[in-house]
Amino acid sequence: MTAWADHLLVAPIVVPMMAGAAMVLAGNARPSLLAGLGLVSTVLLLVLSATLLVLADAPEVRIYRLGNWPASFGIVLALDRLSAIMVALTSVLGFAAFVFSLARWHRAGTHFHPLFQFQLMGLNGAFLTGDLFNLFVFFEVMLAASYGMTLHGSGVARVRAGLHYIVINLLASLLFLIGVSVVYGIAGTLNMADLAARMQAVAAEDRALLEAGLAVLGIAFLVKAAAWPLGFWLQGTYAAASAPAAAALSILSKVGIYAVLRVWLLLFGTGAGASAGFGTLPLTLIGLLTIAFGSVAVLASQNLARLAGASVLISSGTLLAAIGMNRAAVTGGALLYLMGSVLAIGALFLLVELVERGRDIGADVLAVTREAFGAGEDEEDGEPGERDAVGVPIPATVATLGGSFLACALLIAGLPPLSGFLAKFAILAPLFTPGGGLPSALAWVVMAALILSGLATAIAMMRTGIDAFWASPAGTPQRVSVLEFMPVALLLTLCVALTVAAGPALDYATAAANALYAPADYLRPVLKAAEAAR
Amino acid sequence: MKRILPHPLLALVLLIAWLLLVGSISPGAVLLGCLLAIGGALALASLAPPRLRLRRLALLPGLLRDVLVEVVRSNNAVARIILQPAAKTVRHSGFVRIPLDMRAPYGLAALACILTATPGTVWVDYDAADGTMLLHVLDLSDEAEWVRIVKERWERRLMEIFE
Amino acid sequence: MPETALLLILVALPFAGSLVAGLLPTHARNAAAALAGGIALTSLLLVWMAYPSVSAGGVLRADIAWMPALGLNLTLRMDGFAWLFAGLVTGIGALVVLYARYYMAEEDPVPRIFAFLLAFMGAMTGVVISGNLVQLAFFWELTSLFSFLLIGYWHHTTTAREGARMALTVTATGGLALFAGMLVLGHIVGSYEVDAVLEAGNRIREHPLYLPALVFILLGALTKSAQFPFHFWLPNAMAAPTPVSAYLHSATLVKAGVFLLARFWPVMAGTEAWFLIVGTIGLVTMLLGAYVAIFQNDLKGLLAYSTISHLGLITLLLGLNSELALVAAVFHILNHAAFKASLFMAAGIIDHETGTRDIRRLSGLNRAMPFTARLALVAAAAMAGVPLLNGFISKEMFFAEALSADAPLGLANILPFVAMLGSAFSVAYSLRFIHGAFFGPDPVDLPRAPHEPAAWMRFPVEILVLTCLGVGVLPAATIGPFLDLAVRSVLGDDVPDYNLSVWHGLNLPLLMSVVALAGGAALYLSLQRLLRSEIEGEPLIRRLEGKRIFERTMVFLSWRLARRLEAVAGTRRLQPQLRLIVAAAFLAGGAVVWFRGFGPGNLPPSPIDPVLASVWVVGGACALGAATIAKFHRLAALILVGGAGLIVCITFVWFSAPDLALTQLTVEVVTTVLLLLGLRWLPKRVQVPGERGPEVITRARRLRDLALAAGAGGGMAALSYAVMTRTPPDLLAQDFLARAYTEGGGTNVVNVTLVDFRGFDTLGEIFVVAAVALATYALLRRFRPAPDSLVPPAQQLDQHAAEPVEAEGGTRPVADWLLVPFTLTRLLFPVMALVAVFLLLRGHDLPGGGFPAGMVVAIAVILQYMIGGTAWTEEHLAWLRPRVWIGAGLLLAAGTGLAALAFGKPFLTTYFAYVVLPVIGKVPVASALIFDIGVFALVVGATLLMLVALAHQSVRGRRATSRVLTKPSRAVRAPVAAGED
Amino acid sequence: MELVVALAIGILAGSGVWLLLRPRTFQVIIGLALLSYAVNLFIFSTGGLRTGADAILRQGAAGTLADFADPVPQALVLTAIVIGFATTALLLVVLLAARGLTGTDHVDGREREQ
Amino acid sequence: MSAVLLGWAVLMAQFLLAAATGCVAVRLLRGPRAQDRVLALDTLYLIAAMLLLVFGIRTGSPHYFEAALLIALLGFVSTAALAKFLMRGEVIE
Amino acid sequence: MTYATELPAWAALLISLLLLLGSGLAFIGAIGLLRLKNFYERVHAPTLGATLGMGCVLMASMLFFTLLQSRLVIHELLIAALVVVTTPVTLMLLTRAALYRDRIEGNDTVPPPPTGKHQ
């Protein structure tokens, strides 16, 4: 018998699954029914993920054996803190994007609702599964739905970007398959815990092969994580996607990061024998290059949406670099960073649409050229009187949007007072442990990268923000419905909460990271279940 | 009856096909086969195929035998043509337009099957307006002979069966 | 009041007030001002309440856990020095609020500015009473942020936006450097607590990371204090409303930098590096600022550069590595705050009442506003260092330090002269301020008729000027205790003897003062002509305009360079991206192999089957052929791919995988139809026979791709060979085979694996198919063919056979050339369905299963579409509703999984039993079959949804064309579609 | 036999990659089709090549790897085939939509300027 | 005896079919016209079905029959689609 | 070929002959595909394999499995039926397509469309 509480592990997958399936059957004729189903599902997911967060805060991972087959033989779900964090982020972002879409986007094309649910299902599945091939399957569920979501609404830009997105992800999926099958061919198992347990026993002459397979797998993950030079698809895709789709996408790129974290640390942890620590330096270097490219891209962005996309690159790079440092404390910081970054970038993507609404197309380009060619210098050359300058009252909508934008900017650039700053500190502090030995050269580079990328983001966002909120004539304020603003407010409120409760959040994240670095706690329950069944 | 089993003959064929597939004539297989045959016939009915009426079933075995013989014979003939040295090509191929009297769809289909199944001839086209059929023949020495063969050997007997 | 609460309230109250003010209605100016003033005064009161314990040498603390794991807590710490600064911040803050109430125009949305002012005050308070390094950096960046908002208050003007942006760029950059410095400092000290840092002076100075820490921290401090070469942002920040300028320039923003220098002076100063960096920069800044100030025509510009100069002076003092100099610096911080705030307010009053701040237009205002003139005069005199005013005393101390400085590199010799020169400049610009605005003939052509401002607007100026006077006359009695308190808390017991008195006797500093005063006056007089000229800016270094250089640099770095780099390091094109991914995968796998080294495995290869080998010669030829001709001969490539697929299928059979063969086969057929459906919408691509060969670059690119393709192919071949020839590990497969029948209830292990052991994979997989089908359908709903594909294919224009032919029994649905196929294919429909059911039912035990079965049904329907046409088929197969099949299939499959929960089993647990039925006998009942039926239904629905949606485009296209082309003519014919050969 | 299959995989993959890197959408989709053949065979091959092994268990008997081909890679290939089919369909539709909206069949939705 | 004879015959049959595949492949690659290629593909389907049947005899396993059946049942659908495309420029009208 | 040891010799011989004949016909058909001059001639070639060739192999299969499993195995008949029904459809469509294309290109070796029809 399985206790009802155990089913909670599979619930985040099953709820959107059933909701989506029911939506397909219901058809497009009754939009309110679809919206209602979606609301029930997303709210339920919120509740579930909160419960899982609590459940996961335990010394051992929780295991759910699908089909009642023993672990390592059937497919198991495994809930640890990392999974719980990712599922919670998915739920929050999913809820926000869903509510946002109810204002107008869900009517922009057919099948929005079921695809949205499938995307949530894919994400949750990817985060919860303990099986490598099942991870592939859920990657595909999530991607298949995200293809639909990015194309939602159609139009030249979306289709053009969608084509790239799909082709690249298909290639990455093929790489994933190659990697998985090599792993199976050499190690003889697909269960991640089982695999980790077998790592040490892999014969020396087979190890190179296994590692080659995992390296290919790693490339697949890095493509999904949009690491440089494999992630040029990201900006275009995110910029073209509709706002709720892009917001949900902001966690999609983190799936690659999650996979790296999960697979790398499990397989190449201290228990991996000769393979321990495999590929960490390349990971950091790739992360640093990604940060560098993201910073350049953020500065070179001609519009808000591309800027937001570039900030995803920086965020991915930061996480990869931090994970590559291969230290639990740094990874803990990185997880804190991940939480804030996903929420903030999600909020930004929603905001982009609200800000851009009603603005001239190409206004951003103008803003940059204005700066580039120093237009407006004439004004200063005149009389330095300021009395004709009387403040312009800002409509409440603009003020709210501006404030939210400012909050996003602070979060993403990692400036005080919001959690972005604390997260960067949490990554850097262990690298510069008070009183420890001299920090490594890599630590200095990471510090420089984090700080300079924050600066680049700040400059770029300031430029765009000034142009969007200050320079444009406050003529007709954008029409923004409460339904659209509430999700942004929710996400930002959570960021504020993350700032205030940074201590507990960091403790949770560090506990998650520590568990990743001590995979014994992950292996034990899985293998125990496997043993019991034999 | 017609509503339950619209195409009894086809249903029977389906039942036989099912039994062949499962390779068993156990009661279970037959029962399931009957159900599926009825279902298949219903599905077919929705496609509104022309009605199949077999008038003189007795002619069928003879026809089949002749077809088989013709298939073997023309296999041999065509194999020879293919394998003969390239130099000795005096044969020429070509199209023959043959006026047909038969209008029954199944009869026409059967004729097409027979002509195509015998190597050396291919049914190319059928013109419903003037009821002519275009045949391509690999070894075309005498057009009139082919018209005769088609009309006498096949069309006449098929018309007896299907019309 | 407990100290924790006091400190917390001190920091939190302004922020809370800010929030409230921000929510006030736009024109609630009195409410906002009252709120802001009340909060500033309350804060001042709180500071005053702290005086008893601070003055007793105590340090107030508050410590609240925030991120204890990393040593970052909300640590507030108020010692004498912090107390003094807190007093300055809140006290001047209160005055500024009062001033702003009268200064800001009636129609200005003032609650906003009060909100920002309060928040800024809170941030500044946070900086001065931070007890933790990281937290200090935290508040530090907040001051940058709120100053940005304050400077950009009038954001509809370009100057405000640019000033704000420049200020934030420079100070936030510095702030980030400071953050880095704090991390390094924390590393050196072993704690981020200020207390710990202040006790670790020697360790810091001797640590190998001292210099990096110093540079980072100085970058923070010097940018904030507008020191050369980062000074240029400050004059541009005067785009802020004057009350804001008064606040930022006197007590707060720029003072944060020197506050930091003084705060860490005991632990970081005293080294040569300190002197060279801090001292030199202070010196240059002092001179430069003062020199440029003389030539400013804008009252506020003059004051801004004077601020730069005075902060340079303070920095220089701090750089001198002498305790007395530190005392002088702290003292001058206070004095400067007093006179600079009052002067800014005076400038604001002038601007407010006359409508201009241009010194060249202003004149003789002392007649219209005598009281203001007198106040300004006193304040300016304090700035110039006239005796009996506060500026004089700190300047005397400065001169004394300049004389006695122990500076390396012979700097000691020039220091006194530089000090005098700077002082003389300061006298000159002070004279210009007063003389230019208040003296001379009556002004002409002013925007407004000048008169005295409202009394309350002058009140803050009066307070400040009184302070200048009071301190100047009775320094020891007024400022003495406070200065002592501050200095003592910085220096601890090492406080040197200093003498706060106006008269030190006839000494060298006094002489220097006299020379400076006289020299400054002379300089001003001699510059009269130059200053009246229309030439803008200062002589000699006019071209070195910091703002312009900054803008150029920023545009270059943050835009041009970034764009160029992005173009170099990134791409928006697909091909390079794919190339990179392939190369990366190849290199990643290859590198591992290269470094680890591996060869073929230990197993002997199985004997080569010549039949399969020769079949693969064909398969390989198909693949290569497809690769070669896919550009111009699409159809041929499609056919060749079909050939290769068939060979793959045979291979599956060869190696004992019938299920794979079945599935591959059905997929093969559907894919071919699918691609053919698509081919119609692609542009014609015809190879021009006489075309010149590809360009050299193209050829090189192709060569590279060829190498990449060969590498990827070779790599995969090698990898697979290596895996195949290795001893299989302790495979899971063993378990699958052992349990498939006994526990899974099926003899087809692959199928049992699919629907049971790994049923979760299959469940996911069908959702992939469903999602794709839905997405495809949605996209096709919005499909818009390119204009040239709107024309029906040439074939159809040529053959009018598409029109239904009249025949007996009504209109025949198809052209007569399709008659025979139409008859035959309809008969095939139930046969195909039968085969599908057969495959579905046997799947668990024999090759087959839901997926191939579903595909077969879909193919059966597609065949009807192909031969019968869309309209006819949909009329006759109306009961086929793909979306219902999809939904039902998904629900059935997922529902079967859920049903297990009712029996207390985990999701997807299967149930299996034999049921004995009458007549029929023993029948296996497996929930896995229901699952498979779900898969079946889904596959039918999804495949049909996609194919039919695609097929419908032709119908829609035709409808669209018939509107455009009623009579097709040869002229509009598209080139022959299948120009494939 | 391993060599033949390895070479087959190599040729399929090589042809696929070559086409994948071409500028026309149709070439890309054909390339992906070839590449997925290669990958499917690759997955399949990791279970080892067994000609004439039993595919189906005898009733009531448990199988062993001595008589049977490894079912796991087969199950994986089946999943991969299905997913590959679905995504190919989607890609096709997207490339058609791209062609319709942009007027070109270049993968970037615009012809490369020379 | 039977085994030897049958084994030899099966091998020969497979060789002949493989050789047939080779001939077909030449047509498949050379064309010259699209219809030639389609015809070749159709023939390839046919030969593949025969190859599978012979393979079934070689291994004595009945499990490959369904694959041959499917080829016979479905192979023509893709050929018909290709032919229809050649004829009408459109598979489904 | 361990299965085959139980087969009687006559059956083995018969099966062998059928197999060789069937595959031989398929091979000849393939050669025809290669050798014959134009498409309309080539279209006849595969029929060799499709009719008698396939028939022989199917018969061999039926015989073999019937003897091997000691029960009547004749499901191969289905394949035969399907081949008979589907071959005309493909060849007809294909030849007509070729005819159309040749007519369009003005190839005068092919007959014109029937009278009274557009071309």
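Note that the chains take the letters A, B, C, D, E and F in the order they are written out, and that residue 1 is the start of every chain.
In this text, a contact is a pair of C-beta atoms (placed from the backbone, for glycine too) under 8 Å apart; a residue touches a chain by one contact, two chains touch by 3 or more.
Remember, it's a predicted structure, so these values are computed and weren't measured experimentally.
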Touching both chain C and chain F (chains): B, E
Target chain E, source chain D, minimum contact steps: 1
Chains touching both chain C and chain E: D, F
By mean Cα position, the chain sitting nearest the middle: A
Farthest chain relative to chain B (centres taken as mean CA coordinates): C
Rounded Å distance between chain E and chain F, as computed from the means of their C-alpha atoms: 9
Rounded Å distance, chain A centre to chain B centre (Cα mean): 63
Distance between chain centroids, defined by C-alpha means - chain A, chain C (Å): 14
Approximate Å spacing (C-alpha centroids) for the pair chain D, chain F: 30
Multi-chain contact sites of chain A, meaning residues that touch two or more partners: 133, 137, 140, 144, 147, 151, 154, 159, 163-164, 167, 171, 178, 181-182, 185, 190
Interface hub residues of chain F, defined as touching at least two other chains: 29, 31, 43, 45, 50, 73, 75, 78, 82, 85-89, 92-93, 95-96, 100-101, 117
Numbers and ranges of chain C residues touching at least 2 other chains: 572, 574, 578, 582, 638, 654, 658, 679, 716, 719, 723-724, 728, 731-733, 736, 739, 758, 761, 765, 768-769, 772, 775, 779, 782, 794-795, 799, 817, 820-821, 824, 827-828, 831, 835, 846-847, 978
Every chain pair in contact, whichever chains are involved: A-C, A-D, B-C, B-F, C-D, C-E, C-F, D-E, E-F
Contact footprint of chain D on chain E as seen in their complex: 58-59, 61, 63
List of chain C residues in touch with chain D within their complex: 572-575, 578-579, 582, 605-609, 612-613, 616, 619-620, 623-624, 626-627, 630-631, 634, 637-638, 641, 644-645, 648, 651-652, 654-660, 663-664, 667, 670-671, 674-675, 678-679, 681-683, 685, 705-706, 708-710, 712-714, 716-721, 723-725, 728, 731-734, 736-742, 747-750, 753-754, 758, 761-762, 765, 768-769, 772-773, 775-776, 779-780, 782-787, 789, 845-847, 851, 942, 946, 949-950, 953
Footprint of chain E on chain D - complex, ascending: 51-52, 54-56
Complex contacts: residues of chain F adjacent to chain E: 1-9, 11-13, 15-17, 19-20, 22-24, 26-27, 29-31, 33-34, 39, 42-43, 45-46, 49-50, 53-54, 57-58, 60-61, 64-65, 68-69, 73, 75-76, 78-79, 82-83, 86-87, 89-90, 93-98, 100-101
Residues of chain E defined as touching chain F within the complex: 1-10, 12-14, 16-17, 19-24, 26-27, 33, 35-36, 38-40, 42-43, 46-47, 49-50, 53-54, 56-60, 62, 65, 68-69, 72-73, 75-76, 79-80, 82-84, 86-87
